[in-house]
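Each chain gets a letter, A, B, C, D, E and F, in the order it is written, and its residues are counted from 1.
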Amino acid sequence: MSTVKMVEYEHASPEVKAVYDDLMARKGIDFVPNFWKTVASHPPTLIRLWRDLNEVMAPGRLDRLTKEMIAIAVSATNGCNYCINSHTAAAQALGMDAEMLGELMAVVGMFNLTNRMAEGYQVESDVLPTL
Amino acid sequence: MSTVKMVEYEHASPEVKAVYDDLMARKGIDFVPNFWKTVASHPPTLIRLWRDLNEVMAPGRLDRLTKEMIAIAVSATNGCNYCINSHTAAAQALGMDAEMLGELMAVVGMFNLTNRMAEGYQVESDVLPTL
Amino acid sequence: MSTVKMVEYEHASPEVKAVYDDLMARKGIDFVPNFWKTVASHPPTLIRLWRDLNEVMAPGRLDRLTKEMIAIAVSATNGCNYCINSHTAAAQALGMDAEMLGELMAVVGMFNLTNRMAEGYQVESDVLPTL
Amino acid sequence: MSTVKMVEYEHASPEVKAVYDDLMARKGIDFVPNFWKTVASHPPTLIRLWRDLNEVMAPGRLDRLTKEMIAIAVSATNGCNYCINSHTAAAQALGMDAEMLGELMAVVGMFNLTNRMAEGYQVESDVLPTL
Amino acid sequence: MSTVKMVEYEHASPEVKAVYDDLMARKGIDFVPNFWKTVASHPPTLIRLWRDLNEVMAPGRLDRLTKEMIAIAVSATNGCNYCINSHTAAAQALGMDAEMLGELMAVVGMFNLTNRMAEGYQVESDVLPTL
Amino acid sequence: MSTVKMVEYEHASPEVKAVYDDLMARKGIDFVPNFWKTVASHPPTLIRLWRDLNEVMAPGRLDRLTKEMIAIAVSATNGCNYCINSHTAAAQALGMDAEMLGELMAVVGMFNLTNRMAEGYQVESDVLPTL
């Protein structure tokens, strides 16, 4: 249960309602997810995050599905339940199936393993990219 | 500096040398990276990791570049210097440029932010995918 | 559910009871929280943690509320549900409201983002404090 | 060393230069720190982060020094060297001395300990704040 | 609830059934734990993980109980509920009692504390092992 | 480089010197490691940590070497360079060789992998120990 009272649509201020309306329209859903109703307890954060998220998730050189799969990889590595559930659902809506998730999880697992072994042995970098 | 003595090619046992040879051939390089020379201090681990890595990184439903970018996302989230450097170089060799890395880092940063806010507010899941 | 049997007040040894009594008195509560009943399964740990916690949380150059907000920041970054709930309640009892928590979460989120970007890009330190 | 080429002031585009100028003016420094020169390799990220950071770090219900100390707590928990160095220097410039940092580190250490013990024992929440 | 449909024994392919049978035989249980039914949604991962796990957990220079306690230490540090529960049960079956877990948790807690303080103060290494 | 000035033996207060003397005697070394000289910038923390560490690391149901190997597992999972180096050296002095470290790292790697996969798939616990 959220540690703050979530802001329901009917009690929201006009600026919060504007974010809620835009969010439901863009996502094509008819409810406001708990994350956003929680963050709305601090309106400047709601507004900033919603603006940033749209900017970051817009398709660019990486497409939207790739971005959602990266979001799953980050959320699995951090162990954030809410985020894993919501990004998996979003990627599923964009076409990810169980086999693609299987490959994704295999990669996430593998590099969590090698990350800790490279650290645990204190291996020194010998490949230095400069893009 | 590695906490164990790295196994140099000329001192390697035949089974370790076989991995080194395969590794240099597949990667198209003429040296053995520090990670592998370190892990070779425990040959069963060297053999298992090299076998697993080839299996996990083989192109499937996700292509190789996408897998390397997921490896960067995991390594950045864990803060593993060696891994960040080596996967960034690998992705660069496969065509990732600074703009693609910029989008990748923007996504990684954004969801590290939302992961901690979803946890920090203890938001309850309201979207449950079943693939 | 705790992985060990929690030690209830009525079954506690005198040394455990002494910690429980002190804890309820100092916190002004009439029950022993689950964390402490769990840790009491290993009495030396109970005694050491309770002693340390009082020492660390005593108001000094930082006041008690600031210390509780730092505890929330750490717990949100680690994603520890029990800890987030209990430190948020403690900070609330000391006067933290939803707006202050909103600012706190905004800061926690922001620096989880920049932490991972600084790591992900392997940025080198160029500012070295010496206090 | 950054994995991308940093954008030096003299080679920056006008929109990047505008951020650099604002940044040096607000921070009262005459150089652009490595983090910002690195992030400038992806201008939309530079612009978004600088805007967000100013919004989040503006004094509100929490003062600037408290916010910098929370940034240190987050960065120490994540182990981000660049961030620890730069936020410690920033807090020092705002008046934090070694004794205050000592109290801060004691709190950060203590709750990293209790976080892992609460998780390690799977303690169930029994205190639920609703702000 | 798993984000993918778990593969029940009766619906499993022959290669998945073979892993399930081997797993129940080796563990001496008559059900397939959720982790394995979930991972079976991607058969190559199921097969690889089961093979690797048997290799890694076989008694060698470290005995099986020590390996399970290290698994608890890792899982507590990462805060993985499923893993903490299952490795604690496995260690308990091998003879770990509440007092041994108490010592283990005390060590895990203590070094999570010192890890963050060593990082938070940016302490430089002055002891370099070479095994 | 530490973010605070380290306290050298010759400039230490009597209470800090007492810890330094005890520490060098117990460890059988003739210098004060950087971690302790850094923590000494806040004497109450130095005194508390040294007292706690001796209590936690005393041989009990788990022997000293097992405790040092758990310290390595925690430090590798957190990626703390200083701690990995110093606990690896301590375990080496107690008899750990490259093969034992190899098994330890294999276990640490394996469960960092399974931890993230259990989280990434949101697997529900089906084994609940009660010690």
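Things worth noting here:
Following the convention adopted for this analysis, a contact is a pair of C-beta atoms (placed from the backbone, for glycine too) under 8 Å apart; a residue touches a chain by one contact, two chains touch by 3 or more.
Because the structure is predicted, anything quoted here is derived from the model rather than measured.
Between chain D and chain F, the superposing rotation on Cα atoms measures out at 120°, rounded to the nearest 5. Using the average of C-alpha coordinates as each chain's centre, D ends up farthest from chain E.
In this structure, the chain pairs A-F and A-C differ in their number of contacting C-beta pairs, and the larger number is found at A-F. The pairing of chain C with chain F is characterised as same-residue: of all residue numbers used at this interface, over half are used by both copies. Centres computed as Cα averages put chain E at a distance of 21 Å from chain F. Residue positions 1-5, 41, 44-45, 48, 52, 56, 75, 77-81, 84-85, 88, 98-99, 101, 103, 105-106, 108-110, 112-117, 119, 121-122, 128-129, 131 of chain D are each in touch with at least two other chains. Those residues of chain C lying in contact with chain B across their complex are 72, 75-77, 79, 81, 84-85, 105, 108-110, 112-117, 119-122. Across the interface of their complex, chain F is touched by residues 1-5, 41, 44, 48, 52, 55-56, 128-131 of chain C. Within the complex formed with chain E, the chain F residues making contact are 1-4, 33-35, 38-39, 45, 49, 52-53, 56-57, 60-62, 66-67, 69-71, 73-75, 77-78, 80-83, 85-89, 92, 96-101, 103-104, 106-108, 110-119, 121-129, 131. Here chain E touches chain A in the complex through residues 3-5, 41-42, 44-45, 48, 78-80, going by the rule given at the top. The touching residues of chain D, when paired with chain F in their complex, are 79, 84-85, 88, 98-99, 101-103, 105-106, 109.
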